[in-house]
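Quick notes on the structure that follows.
Naming follows writing order (A, B, C, D, E and F), and every chain is counted from residue 1.
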Amino acid sequence: MRLLSRIRSLRRPLLEATAHCDLPCGVYDPAQARIEAESIKAIQEKYQANEDPEFRTRALLIKEQRAELVKHHLWVLWTDYFKPPHFEKYPELHDLFNRATKAAGAAGAKGSMDPAKGQELLDLIAQIDKIFWETKQAA
Amino acid sequence: MRLLSRIRSLRRPLLEATAHCDLPCGVYDPAQARIEAESIKAIQEKYQANEDPEFRTRALLIKEQRAELVKHHLWVLWTDYFKPPHFEKYPELHDLFNRATKAAGAAGAKGSMDPAKGQELLDLIAQIDKIFWETKQAA
Amino acid sequence: MRLLSRIRSLRRPLLEATAHCDLPCGVYDPAQARIEAESIKAIQEKYQANEDPEFRTRALLIKEQRAELVKHHLWVLWTDYFKPPHFEKYPELHDLFNRATKAAGAAGAKGSMDPAKGQELLDLIAQIDKIFWETKQAA
Amino acid sequence: MRLLSRIRSLRRPLLEATAHCDLPCGVYDPAQARIEAESIKAIQEKYQANEDPEFRTRALLIKEQRAELVKHHLWVLWTDYFKPPHFEKYPELHDLFNRATKAAGAAGAKGSMDPAKGQELLDLIAQIDKIFWETKQAA
Amino acid sequence: MRLLSRIRSLRRPLLEATAHCDLPCGVYDPAQARIEAESIKAIQEKYQANEDPEFRTRALLIKEQRAELVKHHLWVLWTDYFKPPHFEKYPELHDLFNRATKAAGAAGAKGSMDPAKGQELLDLIAQIDKIFWETKQAA
Amino acid sequence: MRLLSRIRSLRRPLLEATAHCDLPCGVYDPAQARIEAESIKAIQEKYQANEDPEFRTRALLIKEQRAELVKHHLWVLWTDYFKPPHFEKYPELHDLFNRATKAAGAAGAKGSMDPAKGQELLDLIAQIDKIFWETKQAA
């Protein structure tokens, strides 16, 4: 991992490391959303493996928070990073983001403790990640 | 917009009064975003009329918060309220929401103290508001 | 209350549409508190109609957040909008706000999943709403 | 106020140390509001002694947060701790809380960098503190 | 701990009453962490005495918030108040803070509804409190 | 990047992707702190290149938020991820985390708009990152 991490940091400017503030500072990365989604799936798996009511209530409220973060990180990418030329080149992008944020909501990973819902969310984020890095290389 | 607002309030049940939680509780209303946008424009106007540096700094940080709320409320409508049939009937809806949230961000009302930027945001929200209530009546 | 709401919306400028920031931007409206209270009652009703433990836990934690927002919005009106002349003209106003915020707390809508508690809160907010718009017209 | 504080601490059980959650957990103390107010006055004094624009902007945004906390802690005491019998015994209590929260807002310590405004807020909190501990002893 | 608390309050200026902002305003006090920990223990005791599922869910989510606050207040003391000379004089301080914050987390008071876990946390905070006031007197 | 990203995900379990919730979900990664620190340095650079007072105020308040996040992410790693055996094997770890969180605070990147302060913070996080991944491989 360390080696890969080093190689990676040599290939891309560190400023491409993530997405957040709306100064904007100019750093964006779908990893933020993916990481929270990984957490969601992990929480769902731990929930299924533990029937203690106190643990389950804590898992539900913490997953609620992580799912809200996934929605936020995806919304930030959709509004702050992607520009008109991107949406022209990738006509499915609007729908992809809409389905991904819905998959992080009540009808998806936020409302369910089924790890399969967490995986569906991860798969949609992976599609966004693929397009994101294509636009980065094209830049 | 005033007129639309008046007509609308004559036909809607109170439970359709706003949009928020992702239980979901089922209540949505573009008024939440519009109200924060009205606040933004009011702050921009007060900023232009007051050169006290302390007041101006407070205005900048408070407007930052309201603009973030506008983005959030619009994102909630786009992801949680609008469904595939809506996007089919209103093909411009994705782009409209993307432009409206961008207009609430750094390149728009969040990044500027010009009331004209606040008005541009209000105009885009009014377009969303119009479509929203059309879908409510169609329901 | 529906009628009051309709009449009111026919006479108020949009900038009077809501209450929030403490710049202050000058916009106030009991609708913010009422809307969260409507959400609370809707959550209580959905809770009574759904025995799924995961759904019920989510309903409890989300209602907790909405109830806290009701208290906040009412406190903002009581402190930031209402001035000494108002309290002189409406001697019951202090007590009314105190009872309303208590009705949104642990002994009321926050602590209970009974929709009747949500309605009690809505009724108190309606009384505040009536006085609020009377002061607006007197202004 | 120093003296009152010393006397008080000699007679109260630790569980009476502060006020916060709305379970409720049952612990309340005006110290929470007073402490944030002390911070506000300290920030105002540091602001007056430092003309660096970056420092002053940081002081303004941090004081904004502390002032909001003062309002919140006072509102919690007014709604969650004080009951009807208290308001009957102390008829000035509603007005005192209203003036204290106003003194923490835009027209007072939140809107000004004058330490005198911070002191005015502290004096009002001291009056609330005195009544609070009288009710605790009467309990 | 009661005694220490009493003695301490007899010798400290009010401005030393608590720890928070990172301007910094210069006010610090372990009381902030201790107070939240007292709340945690009170919630744990109320939870054990009440089998109502709605009450218990509310107790779990509220305790989660208070436990996070304890961790935050302790982290602030460890990073913002204590300086290299303190860590030299009290070599166990790093470990003490690490154990105390762990005791407020999932393996301790945050993850358990056993009041004994709340007491363990309070005991560790008392050790930090003792060292804190020694450094204050040495200053 | 995509390729590296794929290779990386083949070599390590995705659950090692980041650190956050205190269920705990079990995912930790110093990248969270590093990413916010990258943002801080970018904001400091943009601040130096832009003398517009409105932009500078926004940069100051946004950097304040990112710096607080860096401190939080580092505190989470120090308390939630690292265990006694780690501190025995890396005796400098406590001091390293204390210096890194101080470097993200008022005396460091939070209090200064000098990109050099942002770089100092990044260098300390890199040292933590190195130790973190060594412990991951040893696991």
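Assume contacts are C-beta pairs under 8 Å (C-beta built on N, C-alpha and C of every residue); 3 or more make two chains touch, one makes a residue touch a chain.
These are the chains along with the protein names UniProt gives them: A, B, C, D, E, F = Superoxide dismutase, Ni.
No experiment lies behind these values; they were computed from the predicted model shown.
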item: Partner chains shared by subunit D (Superoxide dismutase, Ni) and subunit F (Superoxide dismutase, Ni) (touch criterion as defined above); value: B, E
item: Co-neighbours of subunit E (Superoxide dismutase, Ni) and subunit A (Superoxide dismutase, Ni) - touch as defined; value: C, F
item: C-alpha-based rotation, subunit A (Superoxide dismutase, Ni) on subunit B (Superoxide dismutase, Ni), 0 to 180 degrees, nearest 5; value: 175
item: Duplicate of the D-F contact set - from A-E, A-B or A-F, the pair where over half of the pairs recur; value: A-E
item: Chain centre separation in whole Å, for subunit F (Superoxide dismutase, Ni) relative to subunit B (Superoxide dismutase, Ni) (CA means); value: 34
item: Centre distance in Å when subunit C (Superoxide dismutase, Ni) and subunit F (Superoxide dismutase, Ni) are each reduced to the mean of their C-alpha atoms; value: 41
item: Between subunit D (Superoxide dismutase, Ni) and subunit C (Superoxide dismutase, Ni), distance of the C-alpha-averaged centres to the nearest whole Å; value: 24
item: Touching two or more other chains - residue numbers and ranges from subunit A (Superoxide dismutase, Ni); value: 22-23, 57-58, 61-62
item: In contact (per the touch rule at the top): chain pairs; value: A-B, A-C, A-E, A-F, B-C, B-D, B-F, C-D, C-E, D-E, D-F, E-F
item: Contacting residues of subunit F (Superoxide dismutase, Ni) [partner subunit B (Superoxide dismutase, Ni), same complex]; value: 53-55, 57-58, 61-62
item: Subunit E (Superoxide dismutase, Ni) residues touching subunit A (Superoxide dismutase, Ni) - in the complex, by the definition given at the top; value: 56-57, 60-61, 64, 111-113
item: For the subunit A (Superoxide dismutase, Ni) and subunit B (Superoxide dismutase, Ni) complex, residues of the former touching the latter; value: 22-24, 68, 71-72, 75, 78-80, 82, 87, 94-95, 98, 101-102, 105-106, 110
item: Residue numbers on subunit C (Superoxide dismutase, Ni) that touch subunit B (Superoxide dismutase, Ni), as the complex places them; value: 1-2, 5-6, 9-10, 13-15, 17-18, 20-23, 25-27, 29, 31-32, 34-36, 38-39, 42-43, 46, 58-59, 62, 65-66
